[in-house]
Every structure is written in C-alpha cells, then in structure tokens.
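Once you scroll down, you'll see the structures, which are given as structure tokens.
Paired with chain B in one complex and with chain C in the other, chain A is shared by the two complexes that follow.
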Partner chain A sequence: MVNDNKTKILQVKDLKTYFFTENGIVKAVDGVDFEIYQGETLGLVGESGCGKSVTAFSIVKLLDYPGKTVGGQVFFRGEDLLKKTEKKMRQIRGKEISLIFQEPMTSLNPVFTIGFQITEALTVHYKISKSKAQEKAVQLLEKVGIPIPEQRINEYPHQLSGGMRQRAMIAMALACDPTLLIADEPTTSLDVTIQAQILELMKTLLKEFNSSLIMITHDLGVIAEIADRIAVMYAGKIVEYTDTRSIFYNPLHPYTYGLLTSIPRLDLDIEKLDSIPGLVPDPLHFPEGCKFHPRCPFATAKCRKEEPVLKEVENKHMVRCWHFEKVKEEAKKIAFTGRLAVSE
Partner chain B sequence: MNRIIKKLLSNTTSLIGLILLFVFVIIAIFAPIIAPPLFSDPYQIPRMSWDTEPQPPGFPISDDMIFVYESMGEPITRDKAIFGTAQGGYDIFYGLIWGTRTAFRIGIVTVVFSMLIGVILGSIAAYFGGWLDELLMRITDIFLSIPFLVAAMVLTTILGRGLDKVMIALVFFGWMGYARVIRGSILCAKEDVYVMAARALGVKDYSIIVRHLLPNTIFPVMVQASMNIGSMVITAAALSFLGVGAPLGYADWGQMVSFARNWIIGSPGNAGEYWYAVFFPGIFIVLFVLSWNLVGDTLRDIMDPRLRGEL
Partner chain C sequence: MNNQLISIKNLVKYFPIKKGVFRNTVGWVKAVDDVSFDIYSGETLGLVGESGCGKSTTAMTILRLEEPTGGDIIYQGKNLAKISKNNMRKYRKDLQVIFQDPYSSLDPRMKIKDIIAEGLAAHHILNKKKRYKKVAEILERVGIVPEYMERFPHEFSGGQRQRIGIARALALDPKIIICDEAVSALDVSIRSQIINLFKELQREFHLTYLFIAHDLSVIKYISDRVAVMYLGKIVEIAPKDIFFQNTLHPYAQALVSAVPVPNPDFKKKRIILKGDVPSPANPPEGCRFHPRCSKAMDICSKKEPLLKEIEKNHFVACHLY
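Let's turn to the complex of A and B:
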C-alpha cells in the first residue's frame, strides 16, 4: 500500500520537541520520522502522553511556551516549515494544512454561528465577498452531511449535537481545500455510531478532495478503519511504522503486540482481557535503554542498557526493538489468523 | 441579550436602579426645558443675587441681578431659585439640572476611555504572555500602588483647571482594574480549543483577540464599568470639592457641594440653617451613583453562573 509513485506531501525528519518546564526538560517528541503521500492516510497511534498530539502541533508550529521544537525538519511540499516565519505559517495553516480537534464541544466559538466560523475560514485566506462565502459555507455543510444547511448555518454551536458539531468542524477544516488534514482524535468524544459515521464521512471527503490525512488516535479500531499506514508511538518515539495490514497481522514491536492483545475480540473465548502492565513512564525520567523495557515481557539485559534504533527489518516494516523476531513468533502463536477489526 | 434585559426588568433592585437612571437621562435630555439657560453657555450657572451666604429655597431673583441681566440684554426666564442658592447666589436647581449632563459626560467618557486602555493592555498581556505580560502587569501594579485621588489631584493641578483635565486624570489613573479583569478572563479563555482552532485556521492574532476572545470575555469588564461610572462621578465631585475640578460657576455637582463647604454647619443654635446647600447636590450624587451600582450589581448577578443557578 505504500505509494511510491505518488507525490510526497509531508516529510518529517528527526523532529524533536521539548518542553522546558521548571522541573526539567520533557522530551515529548524525540526524533520522529515519517512521511505522507498525496491522498494517503497515516495513523499516529499511542497512549495518552506519548507525544502524538505534540507531533501534530509541532508540524504546524502551534506549540506555545514552554514547548519548543528544538531539532529536525518538516518538509511540506519540499519546503521546511520549521524555517518559515509566523506570517508565512499563517497562510499555510487552514489553507494548506488544516486541523480537526478532539472536542467538538469546545473547538467552536460559542458566541458565533457556525456559518460565521466557516466563512471566517474562507475570508481569512481568500478575497471573496460575504455572500459568496456564505454560499460556499452552505455547500460545505451539505457536503459534510448536515441536513437543511441553509438553516443550520445560522445556528450557534450549542444548538447542534456533538456529531453535528464535529461535522461543522470538518467543514471548517475543508473550507480551503487543504492538501493535508491533521485530525487529533476527532472521534474520541463521540459515541460509537456517530464515530462510524464521521469516519465514513472523512473517508469519502478525503477521496473527493484528494487530501492526505494524519489521524491521531489511541483507538486501534478507528485507525484500522481509515489508515493506509500506521506509526505507533511510545514515549516520544516511533516504535513501529508500517502499513495497516502488517500492524494488525504481523506486529513486530512488543508495545504494538500489547495494544493488539488488549482489544476485546469476538472470535476468541478469553476470560480476562490482556493489558499492558505498568504506566507510560514519567517523561522527566525516562528509563535507560529501551524506554519500553520496564513494561515489556520480552525485555532482556540488553534492553535495559542499549536503546534500539528504528530500522527496516522486513519489507517497508520499521521497528525499534532488539527482539522483534520473538515478538513475531509470539504473535503468531496467539494466532492473529482470526479476523481482526480490519475492514478491507 | 433579551434574557439580560428581561432579568434586569424583573428584578426589583435593578428596576429601581433603571428607573432612577431613566429619570436622570430624562433630566439630562430635557435640561433646556426644565431649566432654561440665561447665557449662551448653558453650563454657566446663573446667579440670583450677589449674596455670599446661601439663600433658602424659593429665593427670588434680586433687583440687582434683574438690572444686570437687563443691561446685558438677556431675557429673564427664572424669577426664583426653587432649591435656593449656593454661596455667591448661584442657583442650586439650575446647577443640578445641567450638572446631570456633566455627570453623564464625566462618568461615561472616563469609563469608556479607561476601559479601552485597560482592555487593550490587559488583552495584549494575557494573549501574548511571557515578558510582555510581565512588563505590562508590573506597569499596572505601579499605577495601582499610587493613591488614586492624590494622583488624580496632582495631575489635574499640573494640567490646569477644567473638566476635561479632570477626565484625563481620571482615565490616566483609572484603567488598571479593567486591565486586570480582562487579563484574567482572557488567560482562562485562551486555553479553550476554539482559540487553537482559530489559530489553526490561520486567523491573525489581532482578529483572534478582537473577534474570538473579547466577545467571550468582555462581560465582567462591562459589569465593572457600569459600577465605575458612579465612582468616577464621585471622584470628579471630590476633585471639584477640593477645588481642582470644574471652573467656578460651571454646572457640576461636585462644584455645588464645594459651594456648600463653608455652610455645612449653620450658625450657632441653628445647625441646619443651610441644609439645602448640601442636601440637594448630595442627594443627586447619591441617587446617581446608587442607580449605576444597582444596575451593575444585577448585571453581575446575571452573568455569574454560580449565582445564576445554572451550574
């Protein structure tokens, strides 16, 4: 599924974003590499606090003090965004790269109608008349599946349901036909049926607009629905990076493996659901060696001392683990032969 | 907005405040009819006599004055002082009626300008944060540590006598409260996702502050402003009372009280002899300030979600 023949939209190289707090430096994102091609969806998966949202905000340079991107490059259509001025970035944000947020409840301004907020997205970047923008906003709302858009456009966020609001958010994000969308857990605060609708909607719209998407989530079910490739993050680093199929059928990192075994499954008769022992390590005091070793069932003395590097071990399958072969075998034993949540 | 108006009208205290305010507005608007001016400058209080002592309510215009006005070619439209005269024969009734306009002007102009300064500085400090916030807020602290009345007095003295100078002084030392209030609300509101969403759309900082943050945060400032209109009028009156306010004979409530300064206590055995000289200007100021405070209080109650009973 890797699109070698398609144009590369975004390439993130060795991105490092640190938070300079009073208690010390928090390495929230510590050397992240990935790329994304036109029309492709990349899933960024990981637990809370693993740095996935910070990665997203670093790309569009929306991080506030005390967060700071200290190293790396973010090539967007061949130009390094990290070298761009705030003014140039403003022209890119919303027009070339749009964001969709987690909380549709709070990401719309309560004092304005949704029509106003969508037209604002348009008038910020294009010189168009108010009536034209209004017209476009109605079309957008129609496109995201909001019934009677002519009427909804004059309603305030509190008059809409959560799903409707997220649809309005998507309409805002798509207003200027962005090349790249970054969605930060867009379905987390919605209930499951609405989640499915929103994902379906995003899929169709991506195809229609031929936009790329970075989907940030902790929900493997969501990512299986929508992503072409997946990068699994742990403690500020990518630990496994390959296409969606391989993540689910051939996990090579113990963390990915742990995440997969902790999904409830209908096809297996298991009494107790597996979980990954322990917690995400304190970002101020990451363990030495492999950052996952305190929670890893495969950890050896080597893992405690030396940190593995992310390397391609199978065709287009990158993993950051000393013992990926053991993980592979273990995963086979559990037999991921049954159908997983992957819908293909 | 409709809800606010409805609440303001359904609450007894605020209704009293609104009615009082309405009466003052009527007085201010119809001042030329209620108290027809004698001079081309209507804010100049006409004198009813040359007496140094205050004269009781109903005091008729003296023959000397009739002669003066006639020789000036001014028609005499007032034959007696309904509320009496202050020292120097100034007509108290006339001064109070036209002073209502002055009070509105002082209150609204000073509050609007100090609010503007406070909101601009406070929102810049809160939105950008960092050293700019530190700098602006320390400046605010310095201004707050200066005693308001003394500072205003000194500045008015430096600038010279006159109502406009008083207003400049009041604005100059009166913006800090607004800056602090708006800074607090914006610090809180800027963490909301919609601000991040607006930034992610490429909206400029200026538009984010003006279009997204201020509509969500301005209300506490408005409440404070409505309460401050009263206190600004009091301070202006105090400055006039101390002799650094409006020029002599200008229709201003502070000036009217100032005229009464030597007559607060009457002659021995008759302490209340000149009661009208203090009472009428005093009651105007009290009612005016009270009306703004009542309205402001209710506005605060409406907007405070803890008192609103909706949380």
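Let's turn to the complex of A and C:
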C-alpha cells in the first residue's frame, strides 16, 4: 500500500514534546515516528489526551508554554522544521503546510470578514494585488461549495452555519495550494449529514490538488473512509502503524483490537459490545513497562516491566506489543462475526 | 412491552423571539411542533436527529423543565402538562434525566454523596444514615468504589462522572430515565463501558429509557424503537429492526447513509443532502424537509404530510407513502 515510488513529503523522527507543568513533566508526545507521501492521507487515531493534536502542533511549531519539543526531527521536503527560525516557519505555515481545526467558530476571527481572512493568506505569501486576491478568494469559496460566494465573502463568521464555516476554513487552508494539510478533528463538531458533505469535499479536493493530509480524529468510521494509512496512538506513542485495511482486518495491537470491538456499528447487529476496562492513564503517572498493560487482557509479567518497541512484524505493519501474535489469534476467532475480518 | 408508560400527545414548544427596546415578541422558534409518541414500559426509545431538531427540547418539555406551549403528557392517568408545578414534584422522582456534559452537570462544590443523596433528601426518602448507605450501594452498582463518595466531582474523569450522573438518576428508583446525549462526550473506550452499563441497569431495575442521541450507531445498538426528528417534527418512528431494514423517510435515509462505517471495504450509496437545516423560526411551508429532498413533489411544498402507519408499527410522515 505504501507508495515507495512517490515522494516523501514529511518524515517525523523520534518526536518528543513535553509539557513542563507545576505538577511534573507530561510526556504528551514521546518518541513518535511516521512519514507521509505525496497525495496520501495518514490518519492519526486515538482518544483524548493521547497526543495526536500535540503531534500536529509540534510539526508546525505552534506549541504554547509550557509545551516544548525536546527531541526528534521533522523533515519537510528534506529540511528539518525544528531547526527553522520562527520567521522561516511563518513562510511555511499557511503556504506549504496548512491547518484545519475542529471548531470553526473559534478558529476564524470573528471581527474580520471571511473574504479578508482568505485573502490575508494570499497577500502575506504572494506578491498579489488586493483585487486579484479577492478574485481568487471568490473562486476558492465556490470550489468548496459555498453558494453565492460574491456575497458570502463580505460576511462575518457568525453569519455562516457550522458547515459553511468549516467550508470557509478549508478554502483558507487551500488558498496557497499547500503541499501538506493537517486537519485536527475537522468534522467532529458537525452534524452527520454535514460531516458527509465535508468529507466528500475533502476527498475531491485532495485528489484535485494532489495534497497530502494528516487527518486527526477519534472516529474510526471517518478514518476508514478517508485514510490510506493509519497510526494509532496511545499515551503519547504510536502503538500500531500500517495501511487502513490492515488496521481494520488484521489488528495486531490489543488497543486497536479493543477499540474496534467496542464501537457500536450501523452495518452490523451486535449482541454485546466489548469494552476496554479501566481508564486512560494519568499522563503524570504513566505505568511502567507497556503503557497499555493495566487495561490489556493479554498482559503478562513482561509487559509490566519492559516497554515494547514499535517494530515491523508483518509486511509494512508496525506494532508495539509483546503479544501481537495472541492478538492476531483472537482477532481470527471473532472474524466470523463480521466485526473483524481476516484478510488472508 | 405493550403497556404504555407515558404518552406524549401533540406536544408543542415555541420560544418567543424578542426584539427592540420593549422586548416585543416578533416571532416564534418552533422547537417542538406537534410531536406525539408513546413510550412502552421497559423499552428504550431512541430519539435521533441533528442539532437544533428539537430532540432535547422535547425531553426538557416532558420533564417540565421547559413549560410546554401545548399538548398533553399522560403519565399514570395524569396529564403532566396540565398539573401545577407543586403537584409535578411528586412525579419528578419517576422521571429522571442524565445530561450530556458530565463536567457541567455535577455541582463542583458538592460531595459525590450529597449530589446523589440530594434527590432522596428532597423527597424525604429515608433518614440521613440510610440515605448514605443507599448512595454507597448505588455507587458500587455503577462501578465506582463507595469510599469515593466523600470526594468532589473534579477528582473524577469524564467516564466516572457520567457514572455518578447515572447513580444520581438511579437513587430515586425512577420509572423512566431520559438520557440526553448521555454518551456523546465520552471517548470510544469509555463509551462502550457506559452503554453496556445502561443496558445492564435496564434489565436489573426494569428501567425505561428515552435515549436521545445524534449518533445512529449508538441508537441502533441500544434502542428497541427509533424515532427520527427533523425541525421540530417526528418524521419516522418504527421498531429498530424494521427501521434499519426499511428506512422510508428521505431524511432518515440520508441520515442513515451519512454515518461513517468503520470498515474500509463497506461500500454504500451515500445520499448527500443539499444545503443546511433551515431555521426553526421560519420553517419551510408544507413538508419541512422539501427544500433539501431529492424526491420532493409539488404537493410537498403545499401540504404538510402527517405521520401515518405504513406497515405495522412503522409510522412515516411523507407524501411518497
């Protein structure tokens, strides 16, 4: 599934972002590695607090105090972003790497018109006249499916509905034809029918612009639909990393397996949902050994002492677990229910 | 399963829109507009719809936390919509509610034991000592260590707080629990724990749920019957199996087709709706869904379709049928 012949756009190596709080150090992102190729969508999946958003913010260096990236490298087209100055980063953000956030109401500026906010990106990054920028903004709004864009461009964010605001956000993000888009839960605050519209739109535009996307979400349904490859995060680390079909058909990490069997499904009749026992660990007091072991049905003494590393155990299928073979067995057992199917 | 526990008849709730210096009423937001349904004893009725469709207002009006503008709520032979607020108090312990946000629905300055015992105290049930004993039992049942009853809400995670919210509702031995997006704010791994808890408690205490959610997958898992709301109206209501096998209303069909399925090979024909939900202050004439409906006919913009029984127990409000 991984396109070896395609250009590698982004490579994240051993990224570490810690928050230095009064109560101690929170290792929000603790050694994350992944890469993205041109035109590809990588899904970053996990529950709240697993570090998926912090990973995204670390890439574009938009962390606030007390967060600090303390290690690793982020190669964007061969250059390490972590070594770049803020001035250089400003030239990259919005132009080559754009962001789409969850809450369009808070991420758009309420005192400026939609048109101003889109043209701002253009005039900052290109030598372009105001009227030209305005023209381009109208085209962009039209492209993202906003009716009567000539009129909408002069409206303020509060005059648009949630779905329209998210479309405007996408228009802003696409204004400078970015190479890489980072979308942080872009459809989470939207209604399902609007979410369907936005996902459809994102898929079409990605194809058209041949942009790469990092899609951050907790929704496994959304990710199944849009991602080519998936990285599952838990407690600041990637626990499983492979192509989308393998995640859904051949999960090897007990956390991925647990997530898949604990979601209610529209396409199946489920007698009883499984659930992952316990709670997400407190980031100030992560357990020793494998961070998932207190909630893991496969855990042994080894898991409590030694932390597994992320390693390739099948073709292009990376997992961080001592007992991935047992997980595979277990997944095979329930394959007949349709909740997981084994691809072989 | 067949005896009605509560009957909602032609329920209406309008909110005034006030403008100007004298706060004159210039219009009405028709949040709930002529909604009728029954809830049977021991069942879970799933009420689904998108934001602003009136599903929460329906719940709040049934509880009389909002005063109904019109209609009847028949419970144990009494019309809850018409009795005085004072008389309503008697019935409140039978009708409990669990809210979406476990952070804002628990008073941060009260201990867990007092949050859960408050209802018992208000209804003068048991003495103080026995009340706390009951609190400990209920906490244990919902999966919280009873010793934690001395703690405050901020010491708990979202999932645990939702368990406390459930304990508070259970304390009064209610007949009906209205769950207003009770699992929507929770993470995936915690959500299934809570959904399963709801199911277990239902069996154990013979509870009846009105389960309000926007997530159809959750509704499918937990409900016995499903009602779909759009702009203040129920457009389709049917037993779960019939509803998902034979979804009839074009809006309900679009809603079902829009839900992302966690299976990369699952191919389905997706109905993408045009535009946004119109404002409930100025809903379209005729069928409220007609401007977004791909199957709209002439009659749809003129005459409002009524909810009618298409097959046994399957009600749809659409001119197509």
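One rule holds for everything that comes next: the second predicted complex is superposed on the first by the 330 of 344 C-alpha atoms of A that agree within 3 Å, B and C clash if a C-alpha of one lies under 4 Å from a C-alpha of the other, contacts with A are read in each partner's own complex, and residues count from 1 in each chain.
As a convention for this text, a residue touches a chain if its C-beta (ideal position, glycine included) is under 8 Å from a C-beta of that chain, and two chains touch if they have at least 3 such contacts.
Keep in mind that this is a model prediction, so the values were computed, not measured.
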So, after the overlay on chain A, do chain B and chain C clash or fit? They fit
Practice task
With the two complexes superposed on chain A, say which partner A:Leu199 touches: chain B (first), chain C (second), both, or neither.
Solution key: second
Query = Of the partners chain B and chain C, which touch A:Asn109 in the superposed model: first, second, both, neither?
reply = first
Query raised in the report: Now for A:Thr244: first (chain B), second (chain C), both, or neither, which partner does it touch?
Result: second
According to the stated criteria, A:Glu225 is in contact with first (chain B), second (chain C), both, or neither; which is it?
second
Between chain B and chain C, as viewed from the CA centre of chain A after superposition, lies an angle in degrees, nearest 10, of 80
Max touched-residue count on chain A (chain B vs chain C) belongs to chain C
- prompt: Of the partners chain B and chain C, which touch A:Leu260 in the superposed model: first, second, both, neither?
  reply: second
If we overlay the two complexes on their shared chain A, which of chain B and chain C does A:Glu47 touch? Say first, second, both or neither.
second
Least Cα-Cα separation in the three-chain superposition, chain B to chain C, whole Å, stands at 8
Chain A contact set shared between chain B and chain C covers none
Contacts from chain A onto chain B in the complex sit at residues 60, 62, 64-65, 90-95, 98-99, 101-103, 106-112, 120-121, 124-125, 169, 172
As the complex stands, chain A meets chain C at residues 47-48, 147, 161, 163-164, 191-197, 199-200, 218-225, 244-245, 248, 258-260, 262-267, 270, 272-277, 279-280, 295
As the complex stands, chain B meets chain A at residues 129-130, 192-194, 196-204, 207, 211-212, 215-216
As the complex stands, chain C meets chain A at residues 50-51, 157, 159-160, 187-193, 195-196, 214-218, 220-222, 244, 254-266, 270, 272-273, 275-277
